[in-house]
Each structure stands twice: as C-alpha cells, then as structure tokens.
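Scroll down for the structure; my scribbles are underneath it.
Chain IDs A, B, C and D follow the sequence of writing; residue 1 opens each chain.
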Amino acid sequence: MSNKFSRRDFLKLAGVGAATTAILTGCGPASRYVKREPYMLMPEYTYNGQSTYYATTCRECAAGCGLIVRTSQGRAIKTEGNANNPLNLGKTCARGQATLQGLYNPDRVTDPAKAGASITWDAATQAVVDALKNHKPDEIAFLMGTTSDHLFDLVTDLAAATGINAPVRFGALSMFESRATLSTAAENLFGQRGLPFFDVGGAQVVFSFGANFLETWLSPVSYTRGFAGLREAQTKMRGTFVQFESRMSATGGKADEWMPIRPGTEAMVVLAIGKLVAEKRGGTMPHAFIEVDPANVAAKSGIKLETLEQLAEKFASSAGALAIPGGAALGQSNGLTVAEAVLALNALVDNFGKPGGVYFSALAPNQTEYQRAASVQEMQGFIQKMAEGKFKVLFIHGVNPVFELPASLGFKEALSGVGQVISFATFPDETAQEADYVLPDHHSLESWGYQRVVTGSAQPVLSGSQPVVSPFYNTRATADVLIAAAQLAGGKFAQALPFTDEVEFLQSKVAPLMNSADGFFSAADINTFMAYFQQYGGWWKTLDGRAVPVAANLLNHSLSGAEAEFAGEGEFFFVPFVSPTLAEAGANKPWLQELPDPTTTVMWNTWVEINPETAHELGLEDDDVVKIISEAGELEVPVYRYPAIRPDTIAMPFGQGHTAYSRYADNRGVNPADLLGQYFNEAGDLAFAGMKVKIEKTGKKQPLSRMESIMGVYGVGLGEEH
Amino acid sequence: MIRPEEIKMSAEETGKWGMVIDQDICTGCQACVAACAMENNISFVGEVDAGYGRSMHWIRIERFWEGAYPEVKMTPNQPMLCQQCGHATCEPVCPAFATVHSQAEQLNLQVYNRCVGTRYCANNCPYQVRAFNWRDYQRPEPLSNQLNPDVTVRRMGVMEKCTFCIQRIHKAQDKAKSEGREVVDGEFTTACAQACPANAIVFGRVDDPESLVSQVARAHGHGVKHLEELGTLPNVTYFKGG
Amino acid sequence: MSDKKQHAAQSHEEHLREKHLMLDPLPRGKMNDMVMESMLEKPTWKFWVIFGFLAFVVVYFLFYKWGVLIAKGQGEAGVMRPDYWGIFLVNTVFWIGISHAGTFISAILRVFRAEFRRPFTRAAELMTTFGLVQAGFSIFMHMGRVWLAYWLMPYPNQRLLWPNLHSPLTWDLLAITTYLLSSTMYLFLPLIPDVAMARDRSTGWRKNLYKVLSLGFRGTEGEWTHLRNAMNIFAWAIIPVMFSVHTIVSWDFAAATRPGWSSTIFGPYFIVGALHSGMGAAAVVLAVIRSTMKNMKYFVRGEHFDAIGKLMLIISMSWAYFFFNDYMVQWYGGDKWTQQLLHFHEAGPMGWMWFAMLICNVAIPWAILWNPKWRATPWAITIVGLVINVGMWFERYIIIPISVTINRMPFTWRLYEPGIEVPMGIGTVALFILLYMAASKLIPLIPVWEVQEGQMAHELKKFGRETVVSVSELE
Amino acid sequence: MIKRLFDWLKQPLGLIAVGITFLALFSLAAYGISLTQKPPEQPLQFPHRTHVAFGIQCLYCHPGASKGPAAGIPSQAKCWGCHNQIQKTQTSELLKPLKDAVLSGTPLEWVPVAQVPDFVQFNHRAHVAAGQNCENCHGDMTKVTIAENPQVMNMGWCLDCHKTIAGEDHEKLVKLVDCGTCHY
C-alpha cells in the first residue's frame, strides 16, 4: 500500500454500538456505554463530530454511478449520488443507498480461508503464486463480474503478457439485459460494435418492447432521469410512453398505454408497426417490413389492428419517436430479430444521433472499443472447458455463477472438474462455498479502483473509486493480492505487473488521461491528477462522446416476422424478471429485502404472478403455493394474483433463493433461474423468456409479506360489493 | 369588508418547509424509501412483521389499479410520508406532548424520549404515516456502524415518523449561521429528494416564492394536498400529471 | 265467609312477604348472624380449587405475560398499522363499562330511593372498584413504555413539562383516577356499619382487621347522621363523575379524526352501553352469590332479578335506540370512508361479530326479558346477563380494532389478529373473579344495615280490606 | 406477635439495632449517589490543571468546540507532539500509559465525562458562537485533574439558561425552547 495514501491509519471505531442498556430511555444507547476511541493520528482535514465526504463509485451494479459517501470518525454513514458525475448527477437508486448494509453486513467473509479454515494472507498469497506458477498458462482462467473495471484491466494485462486465458466477464444482470443481443444487433445493422444508447429524455413518443429501463436495465438511474425528461411538462409537451410486454413491469406501470402482447410475437409487432409507419410516411417500403401482414400480426399478438394503426400513427407523426428493445422480448429464441427490428424502426423515423434518438453509448476514456460481458452461450463453452478439466485453476471475482447462472448449465458440477478454485468473494456466497480458497476482497467502499461507464452518459466517464473507510475485516484488495503474487512468482508474471500495489497500477492506467484537453480536469503531475481523480470521483470528458450509428443499408436488411419458439410442454409462458429492488446481489441487505417490490409490494420473498382469471380457473388463491415445472427443473412458490399479466403467462422475480449469502438471504424464496433450460437466441444470449411451464397445486399456503393492503387495493376481504 | 387579497395567511397556514411530489414521473423505484431508512436509522423488521403492517418505513409508495385486464392501469405512484401538517391531528391527542408543533420550523416534531407509546397520534393520523417500534428490532453488529450520529436511535415502544430530515435543516442552519448568512435554497435537501433519480421530489421553503419548490408548484399548477378537506393544512403537494 | 276472606287476605300477605325481602323482616341479630355465617363459612375444597386455578391464571396469564409484553414490546400483541389500538383498549372500555353498573345501582338508585336495590348495593359497588382495577391494568398494558406512565400525571419537574390537557387521554386519565378514588370511597362509606357489626361478632385477626376498617363506629345517632350525610353527598357527587367517565372514554374515539369515530352521540351511547354490560354483569354476580353463598336465598330473591331484568330491558332498548341513531347519522352523512366502514362492519370478514352483537344486545334480551316469570328466574337472567356482556364486548371490539381497519388510506387496511391480548384479557377476568371471591370471604357482601333500615321502613298496612305496602320516610 | 416485636424494639438493644440498620441503609444510599458523582476511571490521570497552568487554551486540544457539534478528544499524535519533547515523559510513571500507547500504536480509551443522552443533539459550535465560555458549563479546569461535571446536565439546566438568554426576544425564545432544537 502506498504511503501517500495513509487514510488507512484510521482507527476502527467501535461506533455507536447498539447497547442493550438504554432501553428505558426508548432511544439509543447512552454514550456512557460506548467505547470512545480517539484517533491516534487525526487526519488533518477532519474534526471529531464532523463528517468527511469521499467520492467513489457504486458497485452494486455495473452502471458505475458516482457516489459521495459521508463518513464520520472512520465509519461510513450514508451514500449519496455524486452530483459531478455526468452519469447520475447526484442521484442514486435504492441499491446504491443500501451499499452500506453490504459493507457492515454481519456475514461478510472476515479472513482468507482454505476449505473453510482461516489462513494467513501470506499463505493465501503463496497459494495464488503456486496456482500461477505451477500451471500452464492455458490452464488458468479468470471469471469476473460484468463491470469493466481496473481489476479487469489488470487481469487482461496479466493474461496478455503471460498467455493465460483472457478474463471472462459475466453477471446475471448482463444475462437478463441480453447485452450480447443488443451489441450483435448493432454490429449486424451498423457494422460497428457498441452498445446502443436510447435518449429517452429527448423523445416525444417512446415505444418500449419489453425494456425494463426504469428498473435494472443497463443504467437505471440515467434512464430514470431520461424518463423524467420525457414527462417533464414545463419545457415541452409531455411525452407519451407505450410499453409492449406480456407482464406489466414497474416500467410498464408508468406507461400511458400498456400492450399485453402474446410472448413471441414481439418481432412481428415491431415489423407490423414499422410497415404501418412506413406506409404513413410514404416513400418506398423498406425491405425489412415488406413481408409482414399487420392483420395477421394483430390476430397473433392479441392487439387489435386499429390499435396497431393508431400506435403507428402516433409513432409516425411524432417529431421525436423512439423505440427501445429489451427485457423478455430479447430473451426469446428470436431476440436478435426483435432487437434488429426495433433498430430498424428507429432507422425508419431517422432518429439516429438526434435528441430523443438512438446513439452508440460513449466509450469510456481509457477504452478503444466496446468490450461486452460474456453471453450465456459463451459461458456454456466456458463451463464445458471447466467440466472437461481444461482449467486447472479458476479465479472468480465479483460474480456468483453458482447462483446467477441457470442450474441447468451445470456450473456447480463443472467446478469439480477444476483443480483449484480461488474465489475473491466478499460474501460467503454459493460460489465461494464451492471454492478451495476464499481470499476476500475489500468491500467496494474500502477499495481503490475505477470503473468504466458503459452506457447512460453522453460524456465518456471513468468513475473513480477510493476507500472511504479502512477495511473492516482482514480482507485484502484482489489487485494487491495478484500484484504481490505476480511479484513473488517472478519472471513474466513480475514483468506483467511491475507495480508495488494497486494504487500504483491505477496511476499507471489513468496517467494517459492526465493531460487530455477535453477532460473535466487535467493536471501536470500524476499526484495532483490522482488527488483530483479522488476528489471528483473519476474523470470524464466535457464533450458528448456518443457515436452516431450510420446505417445506410439498414432498411434493406431482411427480417423474419416469425413467432419465437418456446421450449417445454407447459401451457404457460414463463417470464422471469430481475427484481427491481434486489437485482442480482441485493438479497443480503436487509433493507433491500424490506423494500416493497414496486409492482407487487412484496417484501422478503419470491412470488409467482398469475392473472386473477387464470388463478380462478386453476382454483388458486393468493398465497397458495404452486409447483412450477419446466423441462429444466421445478420449484415451489406462492401465488400473487397479478392483475396486469396475460392469462397465458406467469412471471417470477429473480434475486432470491440463495442458500449462502448472509443470514438475510439464506433460504429465502426461490431462484427462477433453476427453471431455465439451455436455450439461446441467435446472438447467444439466454432465451430466459423462451420456456413454457406447467403449474401444479400443492395445497400448501405461504403468506407473502406485502406492503399494500390486500383489502384496500384489491378489495379482498371487504365483503360483497354494494 | 376584507377583500381576499388582504387576507394574509399566518405562518402556520403557509408553513415553512414543504415538498412537492410529481407522481407523473415517480417510477416507484424505492430509492427514496431506502435513502430515508439509511439516513434516519430506521429499523428493518423482518418478513413476518413487515407483512403484518409493522414495517417502519417513514415513506411508502402507494399504487392502486384501475380497470381490469387488458385495460388495466397502475395508478400513479404515490409516495406517502408525513405531510407535516400545519394543523396536525396527531399533535393535540398526545397526552405527553411527545408530538408537538415546532414553532421555529413549522414542523410536526416527534420527541422520541418523551413518547410513552399510547399510539393515539398514529391512530389519529389520517395519512397513516407513523411507525411504531413494536419490538426491539435488532441491528446485529456491525450493521450499527452505519447509524447516523445526527439522528436518535429509537428503541422499543416509541413512535416515529418522517421529520423532513430536521437534522439536515439544523445542520444547514448551523452552517449558514457560522458563516453569517441565511440558508440558501437548494443548499441541502431531504434524503428522499436527494436520492430520487427522477427528481420527482422537491423540497424547500414554501414561504419563499422564489424557492425551487415554490417555482415548481407554480409551474405545475393544479397541485393536490391529500385529505385537505380535513383541515390539516398539509405541507406536501402532489401532482398527478398525465 | 269471613274466615275464607281472612284466609285469602292472609295468604296474600304471606305471598307478599315471601316475595319481598323488605316485608319479610327477621330479627336483627338473626340477620346479622346470617351474614356473618355466609362470610365465615369455611371454604369448601371446590372454593380452593377454583381460587387456586384463578390465582394461577392471574399469575401466569396476567402478570407473567405482562412481563413478557413489557420485555418484548407491543409486537407480542396483535396491534400494527392501522390497528394501533387493540383488545387492551377493548378491555379497558369493557371494564369501565362494567364498573358503571355499580355506581348506577348504588348511587342513582339510592338517590331515587329504589328500594329493591338494598341487598345488592355492596355487590355492585365492589364491581365498580374491581372493574376499574381491570380497566386500569388494561390501559397500562396498552402503553408502549408503561414504565413512563407517570409522565401522564401533572407533577412539577425540572423539564417544565406537563401533560397535554388537549389530549382526550389526559382527560381520561384524570377522569378514571377520580372515579377510582371516589368509587372506592363510596364503597367504603356504607361498609362502615357492616364492618362494625362484623367486628362485634368476630375474633382473632378478623377482629383486628374490622377494628381498623370500622374506624371505631359504634352506631350512635351522631355517627349515623354523619355517615348518612356523607353518603348522600357522595351519592350525588359520584353520579356526574360516573357519567363523565364514560363520556370521556367515548371522547377518546369521538374526538379523533377517523371515519366511524367522529360521532357526537358517542357520549350517551357509551354510557348506555356501559350500563347495559354493567347490569348484565350485576345480574350474573347476584346469581352467583345467591347460589354459592350460604343464607343468600333470603337476601336475594326473585324480585331483585325481576327488577334488574326490567332495568336491563329498558337499557337494552335505549342502547338499541342509540345504536340506531349512531348508525343512521353515520350512514346519512354519506362520507365515503364511513360508508366503506359501515359496509365492512356488516359484510367484512368480521361481519358475524356485528350480527352477533345485535343478537346478544337486542334480540335475546328483548325476547326473554319481557316475560316476568323468566325475569324472576335467576339462571335465565344469568344467561341473558352473560350474553349481553359478550355482545357489549363485541360492540367495543367492533368500535376499536375492526373500525380502525378502515381509514382514509386504503393502502394500509389490514385485519387485526390478536396475540398476547387474549390470555391477558382472560387474566383480567380471572383477577376480577378472584378479587370477588376474596372479598366475599373478607367483607359482608350484603349491607345488613341497609336491609334492616328498609325493613323498618316498610310496613304492610290495611286500608279497609286492601293490604298495602307502605314505606315511611326514615330521614 | 407484632406487639411482642414492638416491645422488643422499644428496649435499648432494639433501638440500637434500628439505628444501625437505618445508618447502614442510609450510607449505602449515600455511597450509591456518590458513585454517580465521581469522575470515571480514566486510562490516564490527565491533569487538566497542569495543562491549563501552562497556558494551553481549551481549543488547542478540543478544537471541535468552535467548529461543530463535538469538542473532540485530542489524538495521541497531538499529545505526543509536545510530550515527546518533554524529558519527563520518558521517566514519569504517570505518563507511562501515554508513552506505551503511542509507541505500541494502541489507542487510549478515554471515558467521556460531560455528556448528554443520545436523544439530545447538542452542538458546541452554537454555544461557543453565542459567547459562552467553556467554564460556564464545564467548570474551572484550573482546579481539577480529571474533568468533572460541576452540574447535572439535564433539561431543566439547559432550559433555564436558554430562557434567561432569550429574555424578551420572542423569536429567540421560540427557537431556544423548541423541542426540535435538541430532540430529533
């Protein structure tokens, strides 16, 4: 650790421990019972009782929002958005707010461990050294989270220099976001890799085909700001928002019109709207839309032809029309076609590069091309290699594949094919439990680093992280462990990472930005630059860095309007969706568990949404436990009679069902990924919404905790109506 | 005869601090709820108690349904928090003066250490925004490290509710005073307003016509104050929009 | 012929004497002995079994559970949002209601010289005091931080803080405290001559006890005058206290801003409700005393049940009137939340309770009490009394936890599921009975002097051939 | 029986027994009360008296008092700044805990003396800015070794001063006696 950054001299304060003695006052523990430790070395910039604020980056999801963390006497007290960061402009989502409950979670990994027994960091580092030295480069693999961050760069450098396998990034959110589909569609149509960015805020009419952009999709805070812009009444006309999806998401709940189209017909609906729009706009009919027959689409999708025409009219006549693909629409066998069709629809109204239109997301400052996380099909290949024993050492950081990947892919089983699994997990999660070594990384608020903002901001942003508190447990930064191990391993490893610690590595990475003229700040020397970098929470350019897609022959691209194929025998379309409050890794935070789901207001559990009509036909009531059976598996879950879901569709949130992820997550709810089979769309993303399932009654009841009143909201139990 | 323009509203009627909430852009994302819980040391209560109406949220987001499938619609999300009434129903019924009106800040105070737990205030609150500490809800170590030192930690048997982040008000006032100036609009805001990604919540001085909250209220026009007909003089204004 | 007539007249007279305690005098000493006997009678094993069982219930259900409640918080009970008030307050109102009958019988009937009251004023006054004890317990159980209850009392303190006199709960506290003190005094005053009588007829620790309690009462004319004056003053004074107590209790609800509660008629409605349950309870208590204690068949006769039955019938009718009035005005008001609440009362999940309340409070009393024969039948009256009490408990349950389910925020509506309140409520019932059982062994349950006074005043006179009951002024 | 007990108590031995019992209870209570009045056990017998006598200002070691809510306890580094230049520090038995703590890098765990309950949000800055001197509340530090509380810091004491200071100024009074000024 660099001596220049001596914030770790902080004392760990005993803090305002909840003493049990003060119960009679009804308020907190009397100060007398709190151990008060003064600083041994008080930092110059602080006074007792006064807060210090640090800028860092939120790592609850891969978006990379900037945070300002309030600390008081060495404890992190509150996270707020970093108002300077162009991505989130001072705002946060619920998960960002709850970061501290991860930092101070009672069930973190406290010490490095081998097979469950604590070891010293020296022994742990030696284990990494041995793993690196004693194996052939192609027997060593790294699996990392979705985030494109400094650690990924470090491992990439290491891999490039030593010939070990390039790190693979994966996360459940990227799986449910179908990132590969989005970028493949862009590549197919625009001939350029990149993640499309949809400027919701500038648009007048937004048609969203399944995109849950107000929940967890890509960059929720940024897209929510966009949505507010769409609706803002002062500056322009209030924008219209239409959502096409089979189950009303929290995003769909905000739509002016919600179109419950039949799952699998998204592609043809987009094409039909495209055809009608093209007809209204006149000119030659683009190739992609010729084949589709709107009347037929209307019959198949469940939307009336008049409605389709009205929608097309609205879309065609608006000055700022925008269509967004996402969510379950992409997680089907023809997901890529849907994405391409939606981009074609945007091309039709020629909104590329205009306010309220489609852009390529700005590439982050120290990045030359878009690097996306692995698709599930690529993960399948990875697992295959694991199972075949091609990897002797697997390093896992920032991802919990045993939980996040569908069980049918067999990641857990494949782990036994790997000689040595080294996990850097902060929490004793399901994957860490299977690992041979757990070398706990710091919590993100105790860590250095940077993170690329992949999408959501017009400006290219590199969000910076710094430790806001000293490490609470005997953890060590993974970058430091790898650097130390590489140095000990010597040879090409030492040459690949010629640094003394993580901070020096960081400096080497951000140094090229130091003198950029278009930067938010610049500095003459690296120490000043790093000081600014920490103070402002990163570095970003002042100019719009979004590329404008060029698609001269896009409209000649031929697209099939065929229905998606669904696997499985059951009578219900199965739509798993990411819990808006928990997402993939929020279940260990008690306050996130206690946040009501925005649509159902259920807390602390998993439910299955069934249309009340369907439930009536099946003889199901609220809280009845049903067994859901798919090809890949089955699970039992209580029913929520959800009024805004197609009668032929059922939906379940993803985020619960942990077996090991702190006391707040363990054995709570079920994981719908267990039901998913190995079906992919054309881009290799998982067809997570491409299954049909069966429902069986179990006769059991399990009351769901709801925030809402089932009486007041649904009139259940109020008696017959007058 | 007094003409309408001559009628001056007393400070009690206009209030001092107020909030406007734009339901049209509220996405129901719960960021405000989480921010509130983190700022104000609110306990979590666990699955069973949360499901039995004992959750401690100081702000909750209400949504109802209109129509039936397929024409079903979610009503605009309605964040419901203490309305800081100018003429609150909770205040007169407390036998111990634990919930009192702050003359200085025109807020409904809840003095935790004075509360004896009769729960009359909560019963009498037409907005049902008060939360009672039904049990001694535990924060296992080291979760307590994140407790905000500016906010009293409540224990079993006392009532609590949204304070409009009075600790932030005091902090801002103290800072302004130390610098010999008045508090500037936008210098600080409540935790919920600060977190809200859609900027649906705006907080500030409602007695200052130039403050952002007053401007937003004017720009929107038809604001709704909930259950105004009860004469509670709430200080939170809602815009349904749409 | 005249023999026959004379015989008929004689049998009529005998019939009157048999029927009316006041016309059936016994020698003073004998009557005193009867009361003493009933009190000093060695308790049977049954008595001890019941006493022990109740003591266990009190210790476990009331005090142990209360300890649990204090240690673990109100979460042990069924209260939550929006049902912040639950069975504890139902029980409070219920017990205050029970306590009203005592004062009604002993004060109002005394003031109005209703002669049938004489043998059971003591029993009724005991009900008042013991009922208030349960009410007090219940209200303290309800408090989240009961150890700070003294803050509700006005006492000088360095914080310069006083209780909030705007709050109906403060009024309540003052009213109930006043009532408890005055009713205890009022229980004690008429007890003095009887305790003095007992003192002269007992030995050992009892004699010492009674010596203290009788305050040296010897029965001189001066003492009697003072006592009568005191009792008269108290009788008059306690009547407004009694009315105010339940009116103020009703203001806890009527002064609140809740649909279904903001009702101007709650004051008299609650008073009548209180008398309704109190009369029922008095009838049950009398029947139990009559059947379980020695010599009581002489003091408590059919005529008393008949009189109480009539009162019950009248009170039931006025309760029905107030209920209808309240319902009507609430319904006519047309407020949408009140409409919803009224509908919820009848058709909601607890609708059965609403109908049961009407059956218990109106249908059954009306069906049975119109019949003089049934009225004079102790067991029938007992059943009616019990039924009315169940009905009145339901009424309070409907007014509190069921009504607060419905408020102006439908997002929060939730149905109340009682928890620890149930055993603790049973505990208060057990304590009430326990106190009664103890009292029956410690103090004369029949105010002998009052009966004797009545018997002295009553006379059978003959006007021509008619035998007429005449009552002479004693004072 | 009770009578016999009373009779026994009336004789001289009984009276003495009563007296002893009473005295025992009284002194126990007095001891209990005195315990609450004693300054707590500190890791180091810090002599305020000596430091004040050297002319060190309160704010030198407790600079937070003029800047924020907490006056603060000085860091060991601050102590050491002077003390490592003082010869006596190396030898003095009294100063050994400080030397040990600094050299071993372990914290000295001071026990707070002047404190208000957690439900009181006290702010030093406002009081210092209003012209209150430290000794008005904390007493004369030239007289004590370990700091002691010269008064019970209860609400009556706070209010008393607040009311006096507000005087006739209604606006000030409203602010100074508002519950929300200290309790939130």
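We take it that contacts are C-beta pairs under 8 Å (C-beta built on N, C-alpha and C of every residue); 3 or more make two chains touch, one makes a residue touch a chain.
Because the structure is predicted, anything quoted here is derived from the model rather than measured.
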| item | value |
| --- | --- |
| Chain whose averaged C-alpha position falls nearest the assembly-wide average | B |
| Result of counting contacting C-beta pairs for B-D and A-B, higher pair | A-B |
| Chain A and chain B: spacing of chain centres that average the CA atoms, whole Å | 31 |
| Between chain D and chain B, distance of the C-alpha-averaged centres to the nearest whole Å | 37 |
| Centre-to-centre distance between chain C and chain B (centres being mean Cα positions), rounded to whole Å | 45 |
| Inter-centroid spacing, chain D versus chain A (mean Cα positions, whole Å) | 52 |
| Shared interface positions of chain A, touching two or more other chains | 16, 22, 25-29, 49, 707-708, 713 |
| Residue numbers of chain C (touch at least two other chains) | 145, 148, 409-412, 414 |
| Multi-chain contact sites of chain B, meaning residues that touch two or more partners | 52, 60, 62, 64, 97, 112-115, 133, 136, 152-153, 156-158 |
| Topology of the chain contact graph, where touching chains are joined (line, ring, star, complete, other) | complete |
| Residues of chain C touching chain A in the complex | 145, 147-148, 340, 343-344, 346-349, 351, 405, 409-415 |
| Complex contacts: residues of chain C adjacent to chain B | 72-76, 79-85, 142-146, 148-149, 151-152, 161-164, 166-170, 173, 252, 255-258, 404, 407-412, 414, 417 |
| Chain A partner contacts - residues on chain B that touch it in the complex | 24-25, 27-31, 33-35, 37-39, 44-48, 50-52, 55, 57, 60-65, 68-70, 72-74, 77, 112-113, 115, 133, 136, 138-149, 152-158, 191, 194-200, 219-220, 241-242 |
| Residue numbers on chain D that touch chain A, as the complex places them | 63-64, 67-78, 101-102, 105, 107-112, 115-119 |
| Residues on chain A engaged by chain C in the complex (per definition of touch) | 24, 26, 707-709, 711-713, 717-720, 722 |
